[in-house]
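Below are two complexes that have chain A in common, paired first with chain B and then with chain C.
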Partner chain A sequence: MIRYVTRRLIQMVFLFLVFLTVTWFLLYILPGDSVALKYAGNPNIPPEAREVALERLGLDKPVLIQFRDYMFNFFQGDLGVSFNQYPRPVIDIIGERLPRTLVLFLTALVTYYWAGFVAGKYLAWRRGNRGEMAVTIGGVGLYSMFLPFFAFMLIWFFSVRLGWLPISKFLDPEQWRDAPFAANQVFMRLFWVTLITAIAMFAASFAGHRTHSRVLARILRWGGGVLVIAGFLFYWFGTESGQGMRVYAGDIAFHMILPVLTLTLIAFAQVMLLTRSSMLETLREDYILTARAKGLPEGIIRDRHAARTALLPVVTSLVLAVATVIDGGVVTEAVFSWPGMGEILISSVLSEDIPVAVGAFAFIGILALIGHFVVDVLYGFLDPRIRVTEHG
Partner chain B sequence: MTIRKLPLEVSTGRAPLLEVDGLVMRYDTEAGEVSAVENVTFSLGRGEAMGLVGESGCGKTSVALSLLRLAPDNARYQGGSVRWEGVDLLDLSDQKMREFRWAEISMVFQGAMNAWNPVYRVGEQIREAMDQHFDPPLSSGNMDQRVERLFELVGLDPAVQIRYPHELSGGMRQRAVIAMALSCEPKLIIADEPTTALDVIVQAQILKELKEIQEDLGLSILYISHDMAVIAQVTDTLGVMYAGKLVEFGSTRDVFDRPRHPYSYLLLSSIPSVTGPRRRPVALEGTPPNLLAPPSGCRFHPRCPWATEQCRKDEPPMMQIGPSQWAACWHYEQVPEMGQQLP
Partner chain C sequence: MTNTLPETRIEDPLASEVDRDVDSWWKIRLALTRRSFRENWKIFRRNKIGVLGLVIIAFWGIMAVMPTIFFVTGFWNPAVYDPVTGLELDPPTRTMTMVERITDPNTEIDRRAVLLDGRIPDTLQIGDTFELPLQPAPPDSRHWLGTDPLGRDILSQLMHGARASFFLGILAAVVTVVIGTTIGSMAAYFGGFVDAALMRLADLLIMIPGVALLIVIGAVFTFQLWHLAVVIGILSGFGGTAIVLKSQALAVKVKPFIDAARVAGGSARHIIFYHLIPNVMPLSVLYMMFTVTAAIQSEAVLSFLGILNTDTSWGLMMNLARTQGYLLQVTDFWWLTIPPGLAVTVLSAAFFLVGRGMDEIVNPRLRRR
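And then the complex of A and B:
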């Protein structure tokens, strides 16, 4: 396993270099004079001023030298400065935007994968009855929905008609006027607390899944879940750092409801349908018959045998979901005016703010690679057949 | 020592282990009702090995699955009974039936590869069955010991239990399946094509071992196969099925020596004999009937070279021919002589 992981890591670094090179050159050859157009904001600046500007940005050097400098600087954490917000460093902009996107999309990803898998599992198990048909058809409907349209419908319904949820943005400026924190501090805190909670939940349910004692399994699953949630609440209500930040974190969470709901409803259907068909296939396997013949209770056959094996293709689709998170992210962030990575990606490309665009692409590439890596490791963990071939 | 769950309160002790009486089972399909098991009657005693033979789709697996009530959801039991030590299994509640499975009747499935869930270790899958059927539950140390003993019994290295199914060869997998089938000390094992996927040498070894285990432990085994050679070696009694019906039943020796149903006769004649007199194997013409609309009268009449008007109209009942032989044919008396006249 260690060898496999190291090999994958080396591959990832190599792949990233290729990706960064291609991205850099692609954006470099974009037509248009970004300096004249954007930096000075005036296409008719005098040639001398233009020279100065070019020199200051390093754009007077030959392409390959620029490329070399970029690569060297990149791995030292210097991604250049933004043309539009000169002289703000790109890394600074990304550092501000990335947590917002991560919190939003990781929440959505975990929610819809979990919900989709559980729903698909029960659909397959109860196939043939009328409720199952209705949910499946509804799922196909959601799956084929056009995301921006759906998002606008939800905004119209929940924010305009009912007035329950905010229309857009990620916080309410009124509330944050005298805030002792920067929004990003809160985002980072939200990110870590949620991540730790999710991992702890997963670990508890996994341990419950592995143990043979039925009583212990139940204790782990329910007790573990309750304990983790209690810990989560204790952090926000019981500890000093949590209490101070609670109001602001709550405001952000409130603004997240609608985008997460939109993403979840659309992507959830896809996971649900995939799980359903994968599980229907698994249910026809001989080992399900063996499990029945062994006199195992239905719940164990469903969860331990059928769903466990049906999970494999669903995990594979997680790789694709990482990509959807990114491109769906661009649209979703635009619709909800969520100032995250997707939003700067669009604005920087449109305004030819090349350093920001390359930086944003680079980080999206890193996210995608990490996503792939996590899924690969997870897959090796879930499917013993893969584990062995990778050794050989 | 632990006590196994005995799901059945009534245990007369005198009745044969298993009595299947007039069992009728049909599948509901979109095209109509498929008559898969039609009026099948046989019994199986303690420590006895019985064979069930017939072409693919003749209903032998449906009979086997019915014994554990494992037939697919669209199966309908429309008559008859399956009595286990006097108790009708078709009347048991689902919960009781679940406790009954594996504790009393276990199964060695056809194609051992697919009988294992690929994502769990072999030992884990055996323990899982033992988890269900011991009361009070076995301690994990006890369970380890048992698994080890089972593996030794079937001739496997106990270290195999920490392997995943795909890491084992076909023969090892089949042996492990047998170990799993023995894990809860059942009284009957149903072996559905236990050796079909294996090469001949491994096949012979496994059959021999299974036979020894059966005799040592006093088990009953129901072999289901289309391989006559296998059946002849290991069974005491034999049932021949055709198109959902049991057409001949009796001691294996009687049925092999003097088959009284034309189908059994032709089935046996289609096997070339290695040691006996040289003769041309006889081909069984035609294809099995469509069970959506089975033929009238005797279901075998469209393919039977000796069919008469009576065979087309009336269904022959199971008739006792000898002390331990029954056949469902109007002309059973003439079957051996008629056979001589075949080309």
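And then the complex of A and C:
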């Protein structure tokens, strides 16, 4: 297992180097002098000042030297300086944007994956129902839904028509006018508290799965869940730092509902349809017939015998879903003006802020690579055949 | 087998008969194709979902042809109905009374008043009534789906958008299939280094988020519609499609007839193009459908974001509605947003449904017994 993981890790690093190289050449070199033009193309700038500016940015050096410098600097965490927000380093912008994208991305990923798997399981189990075709067509319709259109319909319905949720953006400026905190400070607190809660939740449920005693499992799962939620609430209502930030954190969470919902609904159908066909194949297996012949309860055959095997192809499909969700995230962020990586990518690309564009795209690539790596390892963990054959 | 036949023809006493066979080998192949098509159609027809997709595609196909018929027969005047340069010169009007003249729009927050500014003659006094042309206009007998803020016919744009989507989707799918089958079969046939190199490339390509990459490429080049189709085709052809088709080609490669062809002296090229590719073709047609879905979606997203350089497309119609500020006024201006949004969704869903219908032909385990 360790050899398998290191092998994948080395491959990933190599792939990232290729990816970064291609991105850099694509954006810095192919547009011709656009970087120099953007920065010092203004005819009012005297030639001497332009030369100084180009020299300071290192744009007067040969291409390969520039490339070498960029690569060295990249791995030291220096991605250059944004043109549009001039003295601000790119890494600073990305450091602010990345957690916002991650939250959107992870919440949607967990929600859609779980909901899709459960829905697909029941759909395959009830094959031949009258509602089956309607659900399939609805699923395909949702899957191939034009994302901006769908997002705007949701915004229109929930924000304009019903007025329940905010239209877009990250926070409500009116409410934050004399806030004692910076938005990012509150957001990071929210991020960590939620992450710790989620991990504790998962640990409780995992421990429940591992125990053999049914009573103990139930106590661990429910008791653990209640305890974790109580801790979460205690932090925001009981402690001093939590109480101060509560209103502002709540505002950010409130703005998150609609983007997460959009992303979840779009991606959910894909997992549902996949689980359904994978489950249908599994239900053909002989051991399902055996389980039936033994007279096992339906629920046990469905959940323990069929669904566990059917999970494998669905996990493989996650490899492709990672890219899909990142893509969907980019578009969702653009529609909701959610200040994350996708939004900064689009706005920097449209305003020719090349250093930011390269940095944002590189980090989107890193996100995709990490996603793939996790899925690969998970798959190797679930299916021993992969580990064995990959060794050779 | 066909390339060995001409040599035997010379000595063979039944030369004339074989000769006829040689001339008509394509007829045999055609008959075989027709027969397998008929059988597959029978399976496909049983699946209502696939048929529904086909019906929707046919509907949009007719929609894509309609404007040509309308223009040729003179039912539509190009000056009015052209999707890009057309203009309704005689739009419906609304009678209005002037209440107040706003000199500086910046000091007034009333958006409607600012919108009217510039369309009202200067000579008008307070209390006068005047006819205000309504643009975007709601559907009426001349414009069945209304007009957009620039006075162009929505239905005409929708039909031309269908044409653009078909062009893009089919071109992207053809490029994907040509590249995907060739790469997949080559990787399966040669194995070793070729296989490893091609598959690592595919690994890289399926990892890259496509829309993000297309946004970056769109920033560097001025993107035409067919450029986009080719780029999507290359990404998908070298990426996911190649991986799937390779695993299929591996299964075909171990069949006895491949060995027979090799023993008969068939070259690698001959075996790949005459024996491997025809046998992975059904699966590649299936992936063609999924590529069409992806291509239509990416095009719509890119032109919605204003990155693509096209005249007419569904995404562009949404883009116009967004930039002119009509997007969230769904009840008042539904004809600006609902038709293009639904069109993208329905057409890409239709191709996906056909793909799922074909899935049952390619993968018999999914069939209901």
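The rule is short, and it goes like this: the second predicted complex is superposed on the first by the 352 of 392 C-alpha atoms of A that agree within 3 Å, B and C clash if a C-alpha of one lies under 4 Å from a C-alpha of the other, contacts with A are read in each partner's own complex, and residues count from 1 in each chain.
The rule is short, and it goes like this: contacts are C-beta pairs under 8 Å (C-beta built on N, C-alpha and C of every residue); 3 or more make two chains touch, one makes a residue touch a chain.
These numbers were taken from a predicted model, which means no experiment stands behind them.
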Looking at A:152 after the superposition, I want to know if it touches chain B, chain C, both of them or none. Which is it: first, second, both, neither?
second
Does the superposition put A:285 against chain B (first), chain C (second), both, or neither?
first
If you stack the two complexes on chain A, which partner ends up touching A:175: first (chain B), second (chain C), both, or neither?
neither
Considering only the touch criterion stated at the top, classify A:239 as touching first (chain B), second (chain C), both, or neither.
neither
On the A-aligned overlay, A:144 touches which partner chain: chain B = first, chain C = second, or both, or neither?
second
Please tell me which partner, chain B or chain C, touches more residues of chain A.
C
By the touch definition at the top of the document, which applies to A:85: first (chain B), second (chain C), both, or neither?
neither
Can A:305 be said to touch chain B (first), chain C (second), both, or neither?
first
Enumerate the contact residues on chain B facing chain A in the complex.
68, 70, 98-103, 106-107, 109-111, 114-119, 127-129, 131-133, 140, 164, 166-167, 180
Chain A contacts chain B in the complex at 212, 214, 285-287, 289-297, 300, 304-305, 308-309, 382-385, 388
Once bound in the complex, which stretches of chain C touch chain A?
48-49, 52, 200, 203-204, 206-213, 215-221, 240, 293, 297, 300-301, 304-307, 314, 318, 327-328, 330, 337, 340-342, 344-346, 348-349, 352-353, 356, 359, 365-366, 368
Quick one: in the complex, what on chain A touches chain C?
11, 15, 18-19, 23, 26-27, 30-31, 127-128, 133, 136-137, 140-141, 143-150, 152-153, 155-156, 160, 167, 277, 280-281, 284, 319-320, 322-323, 326-327, 330-331, 334, 342, 345-346, 349-350, 352, 357, 361, 364-365, 368-369, 372
